[in-house]
Every structure is written in C-alpha cells, then in structure tokens.
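Every chain is named by a letter (A, B and C) in the order it is written, and numbering of its residues begins at 1.
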Amino acid sequence: MIKILLTELLCYLLFLVFVYIEDPVMVTAFIALMIIAGFMLKKTGRNFLQEIEKVYAENLGKVGLLAAAIALTVPFAIMGDSYWLQILNFMMLNAIMALGLNFMTGRAGLICLGYAAFMAIGAYTVGILTLKAGISFWIALPLAGIFASLFGVILGLPALRVKGHYLALVTIAFGLIVQELLLNLESITGGTNGLIDISSPSFFGIDMGTTVNFGFMSMTYQANFYYLCLVLLVITTVVLYRFSNSLFGLALNAMREDQLAAQCYGLNLTNYKLLAFAIGAFFGGIAGGVYAAMINFIAPENFGYSLSIIVISMIILGGLDSIPGALVGAFFLTVFPEKFRAFEDYRVMFYGIIIVLCLLFMREGVLPFKHRIFKPKTAGGEGN
Amino acid sequence: MAIELIIQQFLNALGLGIMYALIAVGFTLFFGVIEVVNFAHGEVFMLGAFVALLSVGLITSIGLTMGSLPFFLAILILVLLAGGIFGVLLEKFIVRPMRSAPDIMTLLITLGVSIVMREAVMLFVPNGRNPQPFPKLFEMESIKIGGVLIKPETILCIILSAVLISGLYYIIEKTTFGRYIRATAQDREAAMMMGINVKKIFIITLALGSALGAVAGMMNGLSYGIIKFNMGFAAGIKGFAAAVVGGLGNVYGAIAGGMLLGFLEIFVVSTIPDGSSYQDLISFVIVILCLVFRPAGIFGERAYEKV
Amino acid sequence: MDLLNVENLTIRFGGVVAVNEVSFSLKAGETLGVIGPNGSGKTTLFNLLSGIYQPTNGEIVLAEKSTKGMRPDEVFHLGISRTFQNGRLFWNLNVLENIMMGMEEVRNSKLFGSLFGTKKEIAIQEQAIEKAFEIMKIFGTLLTSQAHKASKDLPYADRRRLEICRAIASKPRVILLDEPSAGMDGVETETLMNDLIKVKKAMPELSIIVVEHDMAFIKGLVDKVMVLDYGRRLAYGSFDAVAKDENVIKAYLGQGDGAC
C-alpha cells in the first residue's frame, strides 16, 4: 500500500514540476533526465520494477482510487491555470478515445484508422441536438455515444468481410466519407463553417461555461469540464476494464489471435466484431460530445485523418491492448507536446515519428499490461 | 456530347488510369512478393514529383536546358533513382525489421513513415504548404487533331508509362530476375530452398515498385502543372484501391485496376454535375464496394491463407 | 444408431476435385483413422466436416441434423471440434485461456454480468478454470505446470497436447484430430497414444476421427480405417482388412509400417 502511495505521489510531483517549468531548455533537460532515468531503471532496477508491477496488478482497485483522488486535487495544485486545465481536459478526452480505440484494435484486433469519425458523430450529435432541438446536454451526451455506436456498426458491416490491410483501407475510407458527409450536408451540419455557439451545459443550475467559485479560490470554466471529464474518464476506464477482463474480453482476444480458430470454437464472428465496433465507437462519441459543449464550436476539419492518426499513435506508444498503456499514451502525447508550443507545426510529424520509433524499438509499448487475470488458483475475475 | 469532347476525356482517362496503374503495380508487387502492404507507397509518388521539381536547378547547372529532351531524361533518371533508393532504404530500415511482427505492425509503421514524409515536405520545402508550380520539363507543341487539343504532356506520359510497363513486363516475364521474383511470389520457402537470394529479391522489388511510383508522381506534375505536399495521400489510397480491385498480387490486374479507376473517375467527373468534388470519394466508395462484394478483386488475389 | 453420417461428400475447387464422393459413418464412441498420402484430401475433409468449406455435393449429418449451410461456429455448437494440422492456438493467450475458449461458458457470458462483475459471472469463470484444470490433468503435470504460460512459449509437443485439450473442453460429440503426432518422436508418440486412450476411457461417448501417417499409432487407437487417395475413398474397414487391401498396397508400396 505504501509503495503505491509513494510511487503515485512521485509521479504527481514530477508532473507538477513539468507543468511549472517554463524555460524550454529546462524542459528539454527535464525530459532528457526522465528518459535516462527510465532506461537506467529498466537496466538495473529489474527486480524493483517487477515488484512494483506485481503490487499494482494485485491492487488495481486501490491504485485507481488513489489516482482518482490525486486527480481531484490537480486543479488546485496548478492554481487553476486555465491553459493547463484546458490541456488536461483535452488529455482526458483523448484518453477516452484512446481507450475506445484500444478496445477495438488492441483487444479485438480490428484495426481502425478512421476513429475520428466517431468523435465527429458525437460532437455533431450534441451540437445539433442542443443547438437546434434545444435538448439538454445531459440527454444529448449519451445519445451522442449511442449514435456513434450506430456508426460503429455501420462501419462494422463491410468490415465483417475483410481483414488486415483491407480493413485498414475500409476504415480510412469510412473516416473520409464521414468527413465528406459532414461537409456536404450543409443544412444539418453547417457545412464547412460548422456549428457555432453551442451552449455550455448547465449542471443543477450552474452554468458550466462560467467561472467556478470555491470560496477560497475561483477558477475559469475549464475547471467545471475538468471534473466532468474526470468522471467520464473514470467511468470509461472501469467499464472497458471490466469488459476486457471478462470472458467476453477473452473471446475478443481469441478472435484477435486467430479468427478462423475462434470461429471453429464457436464464436459468431459477426456478433463479436459488431459488438467490438459498437462499444469502441461509443466512447469516441462521448468524447466528441463533451468536446462540442466545451469548445462551443465544431467544424469538419477538426475531425480528419490527422486526428485518427493521433489516437492510433497513443495506443501504439502505450501498448496495444493495454488500458494503462492507453492512458499513459494519451497523457504523454497530449501533455508533452504542449511544452513545445513553438513547434506546433511539427506536431503531426512528431506523431508519425513516434509511431515509427515505437514500432521499431518498443513494439510492446511503454506499458504493456501483461495482466492475465485467468491465473490458476487466484479467484478469477475482477479485483484480484 | 461532341466527339471531340469524348476523345479529350478518353485521353484524360487514359493518362489518369495509367498513372494509377503505375502506383498500383507497386502495391501489388509488394504484396505478392514480400507479403506486405506498404502504406508509404503513396508518398513515393509525392517524392518523385518533388525530386523532379527540386532538381531542376541542379540539372540546369550542369548545362542542360530546360525543356530539351536530354534535360527531361536527366530528371527522369534522377526520379527513378530517388524512387529506387527510397525503396532500398525502406526495405532495410522499416520492412526488414518488421518481418517477424504481425502484419498490422508493418502497416502501421509504413503509415508512420508516410506521415513523416508528408509533413517533412510540408515543413521543409520552401513554401511547402502551398501548391507548387511544376516546371515544363519537356517543351513540345500541342497537337491539334480535328477539333481535339492534345496536350503534349498527356502523350508524353502515356508513352513513358507504356515504355515502363513494357519494361516491367520484359523484366518479369523474360529475365532470370523476373523468374526469381515470380518464384518468390509463388512460394517463398521453395524459392529459398532453390537458392534464390530472397533478401535481394525483396530489395529489388521494393526498389522497382517505388521507382515506378516516383515516376508516376513526376508524370502527375507534368500533366497538371502543379504539385502539393499532400498529393501522395489520395494517390496512395487510389493506387491501393486499384491494386485491390485488380487482385492483390496480380500485376496485370493492378494495371487493369488502375485503368478502370482512371476511367471511372473521369466518367463521373464529366457526367455528373458538380462531379469534381466527388472525384476522390468515388474511389473510396468503389473500394469499399469491391472489398465487400468481391474481396479477391476482379482477377483474383494470390491465395494467402492456408488452413 | 450412427452418430455421424457422411454421404458422397464432394468438393471442387475450379478443376480440382479435392474430395470425391467420400462416404463413411461413425457411431458414438467409435474412432476412425484416416490415412492417405499428402494431398489426398484429408485436411480438406476436415475443413468440410468443420464447416470451413461448403461441399459441392453430398451431405454431412450429425445426430440427425444436416450441417448443410452451417458456419464453423454453428457446426461447433452441433458438436464437432477439431485440431489443426499446422497448429492454431491462440498464441498470446495462456494455456488456461486457450482451453477455456473451447467452453460453452465463454460464449454464453453476458455483457451485463461482465460489466458489473456479478457473482454469477465470477462463479462461471471459476468453474471454467476448474474444468480446464481437470482436462489438463489428462496429460499429467505437463500442462498444469505451465498453465499461465503463453501458448506461443510452449514446447512443440505441449502445444499439440494443448490443442487436444482445447478440442475436448467443449465436450464435443466428435473430435477431429489432424496429425496430432506430427513432429513428435517415437516416445512422445507412444505417450500421446496412451493419453488418447485415457481420453477415450474418460469420455466413452466421444467419437474421434484422426488423420495420421503413423500406422502403429493408428492401429493402437482406431476401430476402423479409411484410406483416401486423390480425394477418393480407397478402402474402408477394420485396420487389418484395410492393411490387406490390394488397392491400398498398390498405392502404398513399401509403406507397410508407418514411414511417410
């Protein structure tokens, strides 16, 4: 227990340090230091790392709870800095998408290079429903997820017949077609101009688009969304964790490993594939819905191929079929580039380089979670 | 429609189709011989065009005048070399290390490479974000037959492509090398046992396919007069689509697929009002339809999975 | 009463007739050996039986139900499971999980239960794990000692054993073994044969169809033998009868005792 507390607090501390350093030279030095420390730890601290891994794996509940508790304090620790709150919000939305994509691609083995389309569907659902039909955000959000799921199934249908590289092509095409549709169906979606003035949701009377007053401190509206995103992220993580570590998740893994053998052992591939697409897409829709309400403006260009690539790079970095990996990948690839704002132009290229380097040198990802719960004699199931 | 217009569009379609065919051939060779899908292949198309653009200065400085035949040939050679070298480097640093990994990884890593290439050109070529005018590499008069204005670029591209494809045919069917390539494509293990240096065949295949793709890019620049850093993306997808339609692994299928796609696009653009905005979409939809209803392509994919 | 009835099973791939009017039947508890040179259609026969291919002609009837038009997963539910010639395990899954994939419990798990970790779901998982261990015990401690190892990390012979475990995990009616002793040496093959005899004793109602090249292996295990040659049934009957069959001897010159 102590170990968990110490390691998590250490990470928290490092994170805060990272947020507070401004000078680019210091930042680079810090990152370099971390990377070197990481390598050295891998080389010399083998046993130590394994021990930590074991403790974490056996106490996932505690780890998660503590992490969530820490996360609650972050806005205060960063003094309500609106810039960083916004970045963290994006990070959490990216994490939700990464988890969804990870479920589809990492767990079920269904490659998807058009995930941005699901975010787009979710965003536009919320945008259109709240803006044009006056429906409350809190109803529109789950609908955004459901609608995205529907599109997941739509993608799934042609995807049933194809595998591997063909599937990749179909998903790219899907992403592009959805974007085209959003551009062309002007009457509903506003075309290239998109939707503006999407209102911020109100939570029990409090308008989430205004400053928050904590009594001793007040923060800009991003803080409201911070807590919303945090709650959604926690829910997403728990839900997908449960699905992954169940017999259902096991079946998806089998399908990923060998579709033919899985079929010969009774898996109705159609059902499992469509379900995997639907579930994975759902979370993309949720992320999109929150995005729309947070930024109050969406346009088709926000949801293009580049975004799909960014999400894929997060799960490659983190490790396919690894939930902690997806979280870590989202964290690194959203937060780190922010310190290099000056190099904003190089962002996409950076993601491409990450993909190439990771696959060449770190194929398993940063945090491959080899946690197989189906261990002999341990009570199988959640909460080992 | 006036007959002149039809002939005009026919030539356009021919030019477009043959360009797609050249890209498709690369994809299909990579799949058939090396069993990889190279998502970076579209970018070699862009590479060829930009190499041509950027070497104008170099070639002029060695004394050749722009627009003359030797000038054009010099650029062509450079482009072929660039494509070939790219293929060799890709094989050595990207494809070979991924041999043992699941297919999905090779796909993703070549995807990564394509992103890096695209962004790099956008960022590091002067004024890279914007479309670049493409120089007239070969000065020729436009020919007017009847009422049809034939651009010399179109004829040039068609002739060049025909030469390249014939060359490819010759290599594959008539030379020993070609036999090795075909053997490797049919059964890699048997080829290895027969003493064929499969590693060398892989390198050559990637070099060959990439060289063709690079030339296609140069031709694209010639035909349209402008090039842009993201020209490889659509070209890559369409080239892959053409290869799939023709049956992955089948070189002649790839050529047919490319032509088919080219003609289809021109048909749609010229017949459907406001068709040009749907031009790209056509390919994507065609691909999905083809994959769903006839995944082996028109001429059949090389058998891949053994039970 | 025949459990499995195959009549005039035929499949054509373009011009090639891979399986040509093959007929045979199997009672519950019977073991049939299928032998023949490579390319004689044995694996294709298995692919037909498991629903991977649809026959051009002929019928497969299991427990009075025809498998016509059935997908492999439907055929599995009917009661036919199989192993694969080249070994098709779920490589990154561990031994335990591979075996569990054969079980009904996996397929019937409900999303709701998965999500909320209901007692029922947990009980099902524990039950499945226990059952898997029971099955592994057939091979003594060979597999139980490696239960949490990824199947790709297993030594070759253990992989083949794992495939067999996975195949019996679903308590099928018929199990198709495609060259189970391939790559095994003499000692391992004999062990395997004894293990299969143990399986037969533990599951007396289980019918087995085994493709093999090793004659000694076949002799010790089967009730009857079918010989395939170029997709056709060359001979069909008891091991001794088939061994004496002229056609078989002609096709197998000099292959009296198991070389291949």
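Rule of thumb we're sticking to: contacts are C-beta pairs under 8 Å (C-beta built on N, C-alpha and C of every residue); 3 or more make two chains touch, one makes a residue touch a chain.
None of these values were measured; they are calculated from a predicted model.
Trainee: Give the fewest steps needed to get from chain A to chain B, where each step moves from one chain to a chain it touches.
Mentor: Steps on the shortest route: 1.
Trainee: Per-chain Cα mean versus the mean over all protein Cα atoms: which chain has them closest together?
Mentor: Smallest centre-to-centre distance to the global C-alpha mean: chain A.
Trainee: Cα centroid separation between chain A and chain B, in whole Å?
Mentor: 36
Trainee: Distance from the CA centroid of chain A to that of chain C, rounded to the nearest Å?
Mentor: So the centre of chain A lies 43 Å away from the centre of chain C.
Trainee: At what distance in angstrom does the C-alpha mean of chain C lie from that of chain B?
Mentor: About 47 Å separates the centre of chain B from that of chain C.
Trainee: Hey, what residues on chain A touch two or more of the other chains?
Mentor: If we look for residues of chain A contacting two or more partner chains, we find 260.
Trainee: Do you know which chain B residues sit against two or more other chains?
Mentor: Touching at least two other chains: 307.
Trainee: Got the chain C residues that touch at least 2 other chains?
Mentor: Counting only residues that touch two or more other chains, chain C contributes 52, 84.
Trainee: Would you pull the chain C residues touching chain A in the complex into a rising list?
Mentor: 50-52, 71-73, 75-77, 81-82, 84, 88-94, 96-97, 100-102, 104-107, 109, 111, 113-117, 121-122, 124-126, 128-129, 133, 144, 147-148, 166, 170
Trainee: Taking the complex as given, what residues does chain A use to touch chain C?
Mentor: Residues of chain A touching chain C: 239, 242-243, 246-251, 253-254, 257-258, 260-269, 275, 372, 374-376, 379-383.
Trainee: Which part of chain A faces chain B closely enough to touch in the complex?
Mentor: Counting only chain A, the residues touching chain B are 109, 111, 113, 158, 161-162, 164-166, 168-170, 172-174, 176-177, 180, 260, 305, 309, 312-313, 316, 345-346, 348-349, 351-356, 359-360, 363.
Trainee: In their complex, what parts of chain B are in touch with chain A?
Mentor: 31, 37, 39, 94, 97-98, 101, 103-105, 107-109, 111-116, 119-120, 123, 233, 237, 240-241, 244, 280-281, 284-285, 287-288, 291-292, 295, 305, 307
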